[in-house]
Amino acid sequence: MIQIRFHGRGGQGSVVASNILAAAAFLEEKWVQSFPFFGVERRGAPVTAYTKIDDKPIWDRSEITEPDYVIVLDASLVAVVDVTHGLKENGMVLLNSESKPEDIELGDGFRIATVDATEVAVAHGLGSKSAPIVNSAILGAFSKASGEVDIKSLEASILKMAPAKHKENAAAALEAYEKVQF
Amino acid sequence: MAKSVEDLPYIPLMSESSAVNKTGVWRVIRPIVNQEECNQCYTCWKFCPDVAIQIDEEGNILIDYDHCKGCGICEAVCPKNCIEMVKEE
Amino acid sequence: MAKLTIPQEELMSSGHIGCLGCGATLAMRYLLKALGKRTMVTIPAGCIAIMSGIYPRSFLKVPLLDVAFETTAASASGIRAALDAKGIKDVYVVGFGGDGGTADIGIQALSGTAERGDNIIYVMYDNEAYMNTGIQRSSATPFGAWTTTTPVGTTGDFKKRPKKNMVEIMVAHDIPYAATASVSYPEDFVKKVQKAKDMDGTKFFHVFSPCPTGWRFSPEMTIQMGVLAYQTTVFPMYEVENGVYRVTKKPAKRKPVTEYLKLQGRFKHLDDETIEIIQKNVDKNWEMLLAKAEFTKKYAE
Amino acid sequence: MPMDVMTGNSAQAYGAKLARAEVVAAYPITPQTTVVEKLADLVASGEMKSQYIKVESEHSAMAACIAASATGARAYTATAAHGLALMHEMLIWAAGSRLPIVMGNINRAMAPPWSVWADYQDSIAERDTGWMQFYCQNNQEVLDTVIQAYKVAENHDILLPAMVMEDAFYLSHTFEPVDVPPQKDVDDFLPPYDPPIKLDVDNPVGLWALVPPDHYMEFRFKIAKAMEDSRKVIQEVDEEWEKKFGRSHGGLVERYRMEDADAAIIAAGTMSSTARVAVDNMRDKGKKVGLARLRVFRPFPYEEIRQIAKEVDSIGVLDRSYTFGHGGAFYTETAGALYQAPERPHVKNYVIGIGGRDIPPKEIEGILEKVLSKEDGGEVEWWGLRTSGSREVN
Amino acid sequence: MPMDVMTGNSAQAYGAKLARAEVVAAYPITPQTTVVEKLADLVASGEMKSQYIKVESEHSAMAACIAASATGARAYTATAAHGLALMHEMLIWAAGSRLPIVMGNINRAMAPPWSVWADYQDSIAERDTGWMQFYCQNNQEVLDTVIQAYKVAENHDILLPAMVMEDAFYLSHTFEPVDVPPQKDVDDFLPPYDPPIKLDVDNPVGLWALVPPDHYMEFRFKIAKAMEDSRKVIQEVDEEWEKKFGRSHGGLVERYRMEDADAAIIAAGTMSSTARVAVDNMRDKGKKVGLARLRVFRPFPYEEIRQIAKEVDSIGVLDRSYTFGHGGAFYTETAGALYQAPERPHVKNYVIGIGGRDIPPKEIEGILEKVLSKEDGGEVEWWGLRTSGSREVN
Amino acid sequence: MAKLTIPQEELMSSGHIGCLGCGATLAMRYLLKALGKRTMVTIPAGCIAIMSGIYPRSFLKVPLLDVAFETTAASASGIRAALDAKGIKDVYVVGFGGDGGTADIGIQALSGTAERGDNIIYVMYDNEAYMNTGIQRSSATPFGAWTTTTPVGTTGDFKKRPKKNMVEIMVAHDIPYAATASVSYPEDFVKKVQKAKDMDGTKFFHVFSPCPTGWRFSPEMTIQMGVLAYQTTVFPMYEVENGVYRVTKKPAKRKPVTEYLKLQGRFKHLDDETIEIIQKNVDKNWEMLLAKAEFTKKYAE
Amino acid sequence: MAKSVEDLPYIPLMSESSAVNKTGVWRVIRPIVNQEECNQCYTCWKFCPDVAIQIDEEGNILIDYDHCKGCGICEAVCPKNCIEMVKEE
Amino acid sequence: MIQIRFHGRGGQGSVVASNILAAAAFLEEKWVQSFPFFGVERRGAPVTAYTKIDDKPIWDRSEITEPDYVIVLDASLVAVVDVTHGLKENGMVLLNSESKPEDIELGDGFRIATVDATEVAVAHGLGSKSAPIVNSAILGAFSKASGEVDIKSLEASILKMAPAKHKENAAAALEAYEKVQF
């Protein structure tokens, strides 16, 4: 089973991202499960979501404590949330950041990938510079950096599930797929 | 931190100020006051929903960045346009 | 240092977990400024109930009683009765509920309290939907609005009935004081509270509390939204004292409702025809309000 | 000899008056109505000093009691059937709040169809709310138990609400001798309500909060613990009452002629009152039968029940209610408690008196015969059900 | 392989849509909200033809469903926790009326303190109302069970309402594969609602009445009988479903790896989903353990439970709720049912996951170890309770 | 044979178990005459719920649904929704509740129904107390009255708050039609029902229904009691159509309230001073009503 | 007469007219119509709360003594004073 | 145990009568129990109430099916209610009637007493001819005719418990005590 944890802010679409990722893997005939951390967070507050992907039905419904991947939608969260908590040995953190992976300091024992999802999103008209909607972009990057889900499946899933601007979201994912660094 | 049953009161009473919630971490844009231009009208203070603007002894406006969420209301209401919202790093 | 136009003391704390630019918290902040420390507040489910964040925090510096969604007014009556039983007379008892908790599920308890004339202050902070649960329609949702339970869809299924008029309903209960107020006009709100707080019986405040999250506008616009509601008379400022209506603030020139509607995502589906209906209703209500103010004048003592 | 004659509902009202309930919030419903009327009379005549909130529904009655109790006032209400059901959410609230409210409930059948007669579905359906439940067998017990209930409920180790039950009409409207103790003696017995925490402007705290999974369970455990501890306190308070007023009501389970009994019935309320006559009649015929009266159903007296299993070979559990899909609640819980007992008497459930069907002693004698004989015929029997083959029952 | 991915709440809404619910009356509450929102979307998009009453409270939601059902329309609602509690009186009303309403309930903890997380006190506290209760373990089961529930409920021998439970967040907000069957197939499976009696101007009768003690008991017996009969119908409907749609959900009690088990746990909802992993892990270590999932709690599956007692030596009953003053309801009822069984395995109650505390497989493995060892230490254990001496639990 | 002034068909049966001279039953009788056979009625707890006597009898010849005390309006909404789902359009749905079931415990459901604009007819038969349970105060009990929960006693504990004004409250809900009526004026009542019955939305009737048992007067006086309530304008006859007030019957000369009060045991404790207060209130309400009729005239379409 | 469980429908529906309740037995005073003086205005019919006054084919007033409870309203409202209430024996 | 059944009409005070009788017996140190037949009867409708009197506490709470005495407050009820149902062999029926006991035809096997309680009541200003309040008067008659309770106790009990006109009620009881025929 592959376990992915998302960190974002209320209103940024982390939960939608976790669902789109699950749906993409599902298109590849995987069994999936995704869910938010169950809180009462308001817009702006840090939030967490999870996706599990497996070859067989997933019966375990408990929270993910040892993720294989961590996806951070908003780099400013790194300062306030322990994003790598429990991350598996040799796991990967994917950050929305202008920086290069090698410039990110998060500790040892895992891989780092980065993509400037904000730039990509804004370029595709997804939100504004101060409130970009980066979830599709970062998923595109995840596809490439992790290799866990095909960008085609992701695209299909975005086209189906994005709450609005389907094409723009799909395009952003494709662009971020190309731009991710790891 | 989670407390054990012996350390909890018999009812979940609220005895601590919500000020311990450092809601400043929610902020993605930060208000910066230009104290020079401020005329101390306190319009910003009046309308801050997060009680994150204080008036110091000299009557100056102080932003409590531990709690300011960066809503931008203070900027919007300031008659002197002396608050600027800048992106957090 | 300029003179403050509202009391300086803060009885609501920072660190509450309302969204950026939340209007509802301003309503609470102003109310407590007007009433001071010797106040007890009871709060039902709704955005306001989770403002403290999690146990063991409180966002108020006065006693606060969390109560079931539909029981705000009955709870306030209970607190008052207990204080009376103990001979404590100098404490204000406040029920502070959302539009849903007040105009829908809590209206019966409120109606009962008002009919008995229990000596409490009831404040309805109105963000025009069930926000805490994610923007479902309430009876206070205005005609024309999108919410998640009036989702427009392909069938044009937006809210079709007018906003429930709580002030009128409360006036019909023969209470000593009922008024509107807005977080955009704290001085007006504070003044009304201070005027009414020592009257005997049930006092009712309907406080316009814009909600960026639910109305789909940018958080820095909260105050502006209240200003526009007032200037368009979508939400007029008035009070009713023992049946006598008085408009407490009158816009010099009424703006067209579009100026208010167009800034909010929840109205973006509206066509001109529907906006026309809204404008007509706002006009009629405004005219009626002025007429009532005129005709009840003579009953003022 | 008692000093006065009155209905169960008057006894409730006098109980509340003697307990000096500071806030009363109540709403009328048959057959509780005369409780609220009596209270209104007592207040209107100046005999009782209470803030009496004449609410617009039972839901608000309990909400007002909760708020009053949280503000430090002793609060009382009374209701029945639909009124109790309408309070359901607030009952859970009161217990979760740890507020020692006392409430009279006049057990009445639930609609539809409309019925105003005795039946326990109303209070049984509140067994999961965290309230203590006392079932009374006569009007004296009603009055005494209201006062006892406050003493138990307000104990700082307990701080849980309590219901004092009367059977519709069989107690509520039945006039019989009741001793009304002097106010002074009751005051000695029951000190003023003094909760550890309350709403207070001079010491402002918030009551209740949002509690995520990291602590909710622990707070729930505290309620469970308080309810467990109430067993001892109920017993002690009844003993203290006996010392002071010369009468006990049997603690949690009252035993009647259980000495050397071979068979026993477990019953509650007025059914157990009438059952005493049935037991006497059977004993007169030399049959060794006894009665264990469930005075308290919450907390469930499993120890006392297990003790009975040690003593008899056969038990009949009488239920004046039925939980659709399982059985009478007194029965299923008794059986559940007995599962862990080393002894294993024959146990059977008799569903009886539903919707106010009258229960003469001879019916209970019929059951006692069956219990003695351990005759089986199924786990549950609806006693007195009118079937095409059945004898005429009243 | 399923066809779609969705949350449990979407599955509820699709269940109602596929069942062609004619009247929906509902009120939002976390974590049910997305059910009412999804239904609003389906109606607003024209995909679902329903009269959707956006009531002002849950009490009115159930009242409107009752009236609609009495008028011959298939009625649906969904709620959670306080909403369910507020309906309490109406739940008893719906069952007494014999109206086959189906309701989704998203199990959430009751306040105070406020909690929006998974806990069964809400629905357990409705165990005496006469509703069938289904507890689901995944979203597929949610969708399927809504439809199955109508078929059972509307059977003319049954005519009782049913609740379909989802665990807060663990299903309600969890996105996972779900097969949405074609409308045509569901129409074949579930014929239109056609009650024997309804409000009808062309055949005017009054519904419900005032029923004195001479008949009330008999009408109550009919409800009891219908609820008993529902056991068979639930089983049959699930089998018919399997025939048609290729999947069963286990009837009343789903058995998992019970072959040759020495010990078993009894659990429900998502806890039993996770428990499968625990059982697998234990089996991998050669430990003979199994799982019996209470899919249905009302009617209580006492036969199935007694069957389990025949097979194993030790049983742990897991409760995600606690009845103050006795024990977890799944436990006390299981013990009650087992009292009459000839076998007498070791039985113990584990109270777990209260107020949404997360339950990883290793916690259940810990319980399974204990159950296997028959280690005693009291009848009830609060598993994972944070005490000063305890290990850190999540 | 003279022409009948109200429809002859009886859809309420004899043999009901109301007290001698019960006004409430007359309200039902007239209502059904006005609506005819294709009507469904839902009835909450209250005197009216037990009129049929015991199982298996019904006192109505139309479908009747007994519902829980506080659910009348929600139940009517449910019936209407079911009929709509089935495409049945020609059936009237009526909620028929007492003053307690309407103005107290049922007001929330009614407020919800009215706000949604559900297409039903709501009739509140008003006997001014909880009669079925034995004469306890309701919010519709008038100022000054004795009831068993306002028992006067030695402390003068009669009802101290005014009667809740349900028509005003319903008008504030923006419904198409609200009206008073009285069992003493069946023609007026029938006419109003027939006027309103086909309007879309929630229609509300407040029907004065004297109760010899609860008000303590002799049963043959029931009709006279309604006449006096009208003549004193203790209970005026009017209707409000889309906000426009119209007095439908105006007494030539208003009698003093004592003529009405003195016949009833429930008022026998009143002293002159209190009666004076009552008179003043009645005067004021009457004046206000006339003023409203005057000032809303221009909104009549 | 009380029915056994097998003979009852599944719900307690009201299928019988309340007219089977012979509420005439409640009556202690009985209205007697003086048909001579009656002008057939039907005021009594209109106001009888017990639906106990019928109009026959000739337009005459008939009192249904099976159901008339003797409230006296008909006497009180009759404009011709042609109804008299007499004590039941 | 002595068991008494009352028959009256709603509003006539039968329940109060059953309670006053119980209270009177209680004054004589008896154990008592009285209660109405549990119905929903309105004013005017036939109603029933019960009183039990014994030397020891009364635990049996079931209805009286075999009374020793039957008291009928309104003679017109005889036509519509089977007042002697279950009456014990040699039991007594006390009727409010102008007639003499020997003129009453109710069947055999029991004694009959009569008193014109209506006349007595009206003479003492208790109600009107058409709606007399006869409960005190008939209890006075019962005291004499049955001998089960002393008229003194009854008087005391009436003075305490009558809802209004205490003295008039007591006087009516005394007068009826003298006038009863049996």
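We call the chains A, B, C, D, E, F, G and H, going by the order they appear; numbering starts again at 1 in every chain.
Operating definition for what follows: a residue touches a chain if its C-beta (ideal position, glycine included) is under 8 Å from a C-beta of that chain, and two chains touch if they have at least 3 such contacts.
From a predicted model like this one, the values you see are computed outputs, not experimental measurements.
Novice: Just how many steps, at minimum, does a route from chain A to chain G need if it may pass only between touching chains?
Specialist: Between chain A and chain G, the shortest chain-hopping route counts 2.
Novice: Out of E-G and D-G, which chain pair has the most contact pairs?
Specialist: E-G
Novice: From the mean C-alpha coordinate of chain D to that of chain E, what's the distance rounded to whole Å?
Specialist: Their C-alpha centroids are separated by 30 Å.
Novice: Averaging over Cα atoms per chain, report the distance between chain B and chain G in Å.
Specialist: 77
Novice: How many angstrom between the C-alpha centroids of chain G and chain C?
Specialist: 55
Novice: Distance-wise, how many Å sit between the C-alpha centres of chain G and chain H, to the nearest whole number?
Specialist: About 30 Å separates the centre of chain G from that of chain H.
Novice: Quick check: what residues of chain C touch more than one other chain, meaning two or more?
Specialist: 17-18, 20, 49-50, 52-53, 55-58, 61, 64, 66, 68, 70, 104-105, 107-108, 111-112, 115-116, 139
Novice: Where in chain G do residues touch two or more of the other chains?
Specialist: Answer for chain G, listing residues that touch two or more other chains: 2-5, 11-15, 23, 26, 69-70, 85.
Novice: Enumerate the residues of chain D that touch no fewer than two other chains.
Specialist: 30, 54, 56-57, 82, 86, 89, 93, 97, 111-114, 117, 205-212, 214-215, 218-219, 221, 356, 358, 385-386
Novice: Okay, in this complex, where on chain A does chain E touch?
Specialist: So the residues of chain A in touch with chain E come to 18-19, 22-23, 26, 29, 31-36, 38, 40, 58-63, 65.
Novice: Which chain D residues qualify as touching chain H in the complex?
Specialist: Spelled out, the residues of chain D in touch with chain H are 1, 5, 30, 116-117, 168-170, 173-177, 270, 273-274, 276-277, 356, 358-361, 394.
Novice: Which residues of chain F touch chain H once you look at their complex with the stated criterion?
Specialist: Contacts found on chain F: 17-20, 50, 213.
Novice: Could you pull out which chain F residues touch chain E in their complex?
Specialist: Checking each residue of chain F against chain E gives 37-40, 42, 49-50, 52-58, 60-68, 70-71, 73-79, 81-86, 91, 108-109, 111-112, 115-116, 118.
Novice: For the complex, which residues does chain E have touching chain F?
Specialist: 22-23, 25, 49-51, 53-57, 59-61, 63-73, 75, 89-90, 93, 199-201, 204-212, 215
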